[in-house]
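Letters A, B and C name the chains as they come in the text, with residue numbers starting at 1 for each one.
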Amino acid sequence: MNKTKDAADTLSKGGTFADQAIDADSSKLIETPKSLSFKYLGCMVLLFLPVLLLARYPQWINIVAFTYLMGAVAVAWNIIGGFGGQFSLGHGVFFSIGAYMTAALFINYGLSPWITIFPIALVAGLVSVLISWPTFRLRGPFFAIATLAFNEVMFVLANHFDSLTGGPRGLMIPFKAGFANMIFTERSYYAYLMFGFAAFSVGVSVVVRYSRLGYYLLAVREDEDCARACGINVLNVKLSGMAISAMLTSMGGTLFTMYLRYIDPPTLFTMSDIGVKFALLSLIGGIGTIAGPILGAALIIPFENYLRTELSNGLPGSNLAVLGFLMVLAALFMKKGIYGLFQEKYGKANKPALPTPMSVKPGGGAT
Amino acid sequence: MDQILNVLIIGLLLGGIYGLVSIGLNLIFGVVRIVNFAQGELVMLGMYGSYFAYTQFNISPYLSFLVVAPLVGLIGIVIQRFVIQPLRAESNMQIFATFGLLMMFQNIMLMVTKGEAYSIGGESSRWSLSVGELSLSVVRLIVFVAVTLITVGLHIFLNKTLTGKSIRAVTQDKLGARAMGINVERTYLLTFGIGATLAGFAGAMLTPIYSITPGVGGNFILAAFAVVVLGGLGSVWGAYLGGLIVGVVEALAGYYIDPVLRSAVWFMIFLVVLMVRPSGLLGMVGAEEVGFREQN
Amino acid sequence: MKKIMNDPKITSSTSHSTATGLRMGCKAVLHTALLTGLLAFSGLTSAQQTLKIGAINPYSGPMALYGTEVTRGYELAVEEINKKGGLLGKKVELIRGDASTPQQGIATVEQLANNDKVDLFLGTYISAISLTASDTAARYNKLYWETNAVAQNLIDRGLPNFIRSGPDSAAFSTTSVATIKYLVAPALKKEMKDLKVWIEHEDSIYGSSIANSQKISLEALGAKVVMMGAHSSKSIDMNDSVLRAKQANPDVLLQTGYVPDGSLLLRTIRDQGVKPPAIVFVGTGDTKETLDALGADFIEGLLVVGYPKYDISEAYGPGSKAYLKAYRAKYNAEPLAPQSMAAYSGTMILFDSIKTAGSTEVDKVRAVVEKMDVPESTYPSGYGAKFTKLQNVRSNFTTAQWQAGKMVTVFPKEAISPGAALKNLPRKQ
C-alpha cells in the first residue's frame, strides 16, 4: 500500500515548494511538517509584501485586494481541479451561494459576515456534495460540461427567485462602516482581509495536499481505476475534495460581497469572470501546484487591469482581444503554467521524468 | 391543447437550428475530444462572413455559404494545427487555449463592428408558409432541410467512405486506429476542418434569422453542448435527434410552463440524461468513461 | 587666424563684444527665466483654475459605442461653457473614467478621486455601473450627476450626493402608457377599457421594472393586459410567447428590451402571422439594424419610445437644431443615438446649478437643485428642471414612429416637428 502511494506521488504532474523526488532506495518523503511550515511562513511573508508596500496607493490597493481574493479562490478550486483532476466549471455556484446568503442575512437580519461566513460555507459544502454525487460518475469533458450546466441553471434560478436574490435587480449592501460589518472606509483594510483569506486558503491547500486525502486525490487524478483497485474509495475522496473546495469558494463569495457591496446575476454568473476564471488562473499559474493559482492571479489580474486602462481609448474590445491572444500564446509556450516554467529552469537534476502508467516498474519506485 | 401541433412544429424547426449548430461540434468533440469553447465563435464568424457578402456583393447567404463555410473551415484547420495539436498532452491547457480563442474572436469582431448589431433579411425572411392554421417560417424550414441533408450526407460519408471510416475508427479507439496505420493527426485536422466548415455553414444559414452581434455565438454554445451529450458522442444521428428533442422540449416547456424557465428546463433534462445514460441516446456505451489521459 | 586675433582692433572689439555678449547673454537668461517663471506661474495658476469633472462610462467592451456617444454630449457642453468663460471662473476639464462593470465603476471612481482629484462626477450609460460608482463617490463626498441611467433604485436608495437630470425608468412607462392612451387608442378608435395589451419584456431589471409599471398604469386606466411575457435578451426563440399571445388577440404589443430580442420578436410575430394593430417598442427598435432586419415595409408605423430625437420641434426642444449642427461640426458624423443630446441637456442643468450654488460642493449644489423651478422646454431635449428627491421630474421621453424608413417624432403633440404626423395606425399588414 505504501509503495503504491509513493508511486502515486511520483506520478504527480507538478512540483511543490520543493522537489518531490523520491529517493529510489527509500520511500521517505523529503517534506516534513517542519520544513513545510517554514516554507509556508516564508511565502506568506513574501505574499504580504505587496500589501505592505502598496497600502498607501489607492489605485493599486484595489488591484491587490482583488488579486488576493481571486487567487485564494483559485487555490480552493485547485484542490479539486488540480489535485483531484476534476475540471469543474461550476464553482460559480458555490461562490454565489456565499455571496447571496451573506448579503441576504446581512441586509435582512443584520448578521455580521464574520459570524455567517462559516455556516454559509458549510451550506455550500453540503450543496456541493449533493450535486456532485451524481455528476462524479462522469469523467473528463463530460464532467466539465455537466458543471457548466449547473452554473447556467443557477443563473436562471437566481434571476427567477427575486424574493431571495433580488432577481435581476441584485442586492445592494448599504455602507455601514464598521469592523463587525466587514465594511471599511479605509480601502487598505480590504487588502489585509483578502491577504488573510489567501493565507488561510493556501494553508488549507497545503494541509490537504500533504494529508492522506491529498495523496488519494492525486491518485484519483492519475488513474481512477487503479486507485479504486487499490482500495481507495474514489467517490468519497472526490466528494471530500469537492466539499473543501466548495467551502473555501463560498467564503470567497462572502468576502466578494462585502467588498463590492453589490451583487447581481450577471456579476456572479458570467463565466469568463467567475466560473471559468478560477480554473484559468490555476492553469496559467500551474495547475496542481500550491503556489500556482496565486502566481496565476498575480499575473493575470493586474495585467488585465493594465490592458484595460491602456487600451481604453482604442477600439472597444481591444484589451480583451489582446488578452485572449496572449492567453493562447501562454497556453502554447507555458504548457505547465508559470510554475512549470520555473521548474524547468530551476528544478533539481534528479527530478523524475514524467512517467506514464506503462513505465512504472513493477514494485513501485521511480523510473 | 389545440396549439400542440403548432408548438411541435416550432420545436422541430428550433431543433433543426440546434442540430445544425451542434453537428460540427459533435464531430470535433467525438474525435478530438476537447471542450471547444470557441465553437460558437466559428458560427459567429460564419454569420459575419455572410453578412459581409450580402452587404458588399449582394450575394444571398444561401449562395455565399459556398465560400464562407470553407473559409471558416480553414480557420478551424489552423486552430487545430497550431493551437490544439501542440497541446495534446495537456488537455486542461487546451481548454484554456480555446477559451483564449473565444475571447480573441469575440473581441476582434467587437473591434471591427464597434458594438453595433447587424441584421439582414428584411425582405426574404418575411416568407412564411401557411398550412391551414399553422405558420412555418421559410428560413427555418430551410435550416431544417439543410440539417437533415447534412446528417444524411455525413452518415454516408462516415460509413461508406474510407476516410469517413477512419474518422470513426479514431473516435472509437485512437490507439487501435494508429496501430491500423491511420494517421491520427491528419484525421484530427480533417475533422476539425469539417466541424468548423459545418459551423460556418450554420452561421450562414442563421444569418437571416438572428441579429448579429459579437457575442451571438455564446447564445448557442451551451445548447450545442447539451445536444451533443444528449445525442451521444460520435453519433451523427444522435446529434440530429438530440437537437430535435431539445428543440421540442424547449418549445413545449416554453409554451405550457413559462418562457423564462425554458432554458433551465432543458438543462435539467440534460443533467438527468447525463446521470442516467451518460453515453447519450445513440452514443457508444462507455463513451463517458473518457478520461483526460486518453489525449496522449 | 592668429594674426586676426592679435589685431588689437579686432581683439578689443571682440572683448568688447564679449562683454556685451556677456551682458546680452545675462539679459537673455534673465528674460528667459522671467518668461519661464511667468509661464510656469500661469501654468500653475491655470492648473488651479480648472474644474475637473470625471466622466464615468463604459469606454471599453460592447457598450463602448454608447458610452462614447453619451460623453460627446458632455464634451459639447464643456466646450460651450468654456467658450463663455468657464465655470466659477475656471476652465472645465473632462476626464474619462472607463467602467464596463460595477466593480470597475468602484475602481475608476477611486482612481479619479485620488489621482486626478476631480471635483465631481458625471455619468452613466449603464445603471448597474452608476449604482456602484456613485456609491463610491459618496464616500469621497463628491457630487455624482446622473444624465442617462434610468434604474429606479438609483434614486430610491436616497444617496445624498446622487442627482439625476434625466428621466427614470418610470418615465419610460409613463410615456409608453400615455402614447397608448392619447395616440394609439384614438387611432384604433377604441376606448381604453376595450383595449387589449400584450406586454413583453426582457427579464433583467431594466425590462422587468418598466414592464411592471406599465402593467399597473394600464390597468389603472381600465385597459386589459391580456398577456405579460418575459424573455431573455439572448433568447434564440420566442415562439412560445408569441403563440400564447396569438390566442389572446391583442390590440397592442408593448415590448421593452434590447436590440437582438426586439428584432427576433418582430420576426417571430411576422412568421406566426400575429398582427397586432399597434406595436410600441420601449428603448430600442429605432436603429438601422431594425430596418435591416425587418425591412421598411414591415416596420412602417412601429412606435418607439426613447430619448427625444433630433427632429423634435424647436419649440419643444430649444437648441436641438443647434446641438445637431455643433455635433456634426465637431465629430464629422451623424449622432449615433439621441442619448447624447440628453447627456448634453443634463450637463447644462448641472452647470446652471453649479453657477447658482457658486460651488461644486455636494450640499450647496443639492440645496440649489432642490429649489430649482425651470419650466419644461428650456433645454434641447425638452427638459425643464424641477427635482423631487433629487430626480428631475421635468425630463421626459418622446415617441417616434417609423415612416418610410425614417424615425419621425409623433408624441407628445408639442414635440412634433411642423409637417409631421402620425401614420399607418392601425398597421396595414
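Just so it is clear, contacts are C-beta pairs under 8 Å (C-beta built on N, C-alpha and C of every residue); 3 or more make two chains touch, one makes a residue touch a chain.
These figures come from a predicted structure and were not determined experimentally.
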Reference chain B; chain at largest CA-centroid distance: C
Comparison of A-C and A-B by number of C-beta pairs in contact, larger one: A-B
Dist(centroid_CA(chain A), centroid_CA(chain C)) in Å evaluates to 41
Approximately how many whole Å separate the CA-defined centres of chain A and chain B? 31
Two or more other chains touching the same residue: where does that happen in chain A? 159, 316-320
Junction residues of chain C, two or more chains touched: 61-62, 64-65, 203
Multi-chain contact residues (two or more partners), chain B: 110, 114-115, 214, 260, 263
Where on chain B is chain A touching in the complex? 29, 33-35, 82-83, 86-87, 89-97, 99-111, 114-115, 214, 222, 225-226, 229, 260-261, 263-264, 267-268, 270-271, 274-275, 278, 288-294, 296
Flag every residue of chain A that touches chain C in the complex, lowest number first. 58-59, 62-63, 66, 159, 167-170, 172, 174-175, 185, 187, 260-262, 264, 266-267, 273, 305, 308-309, 311-313, 316-320
Can you check the complex and tell me which residues of chain B touch chain C? 3, 6-7, 10, 14, 17, 110, 114-123, 125-126, 128, 130, 135-137, 140, 209-211, 213-216, 218-220, 223, 250-251, 254-255, 259-260, 262-263
Taking the touch rule as given, give the residues of chain C at its contact with chain A in the complex, in rising order. 59-62, 64-65, 96, 98, 100-104, 106-107, 110-111, 114-115, 128, 131-132, 135, 138-139, 153, 157, 203-206, 208-209
Chain C to chain B touching residues, read off their complex: 61-66, 203, 229-232, 234-241, 243-244, 247, 259-260, 263-264, 267, 270-273, 287, 289-296, 298
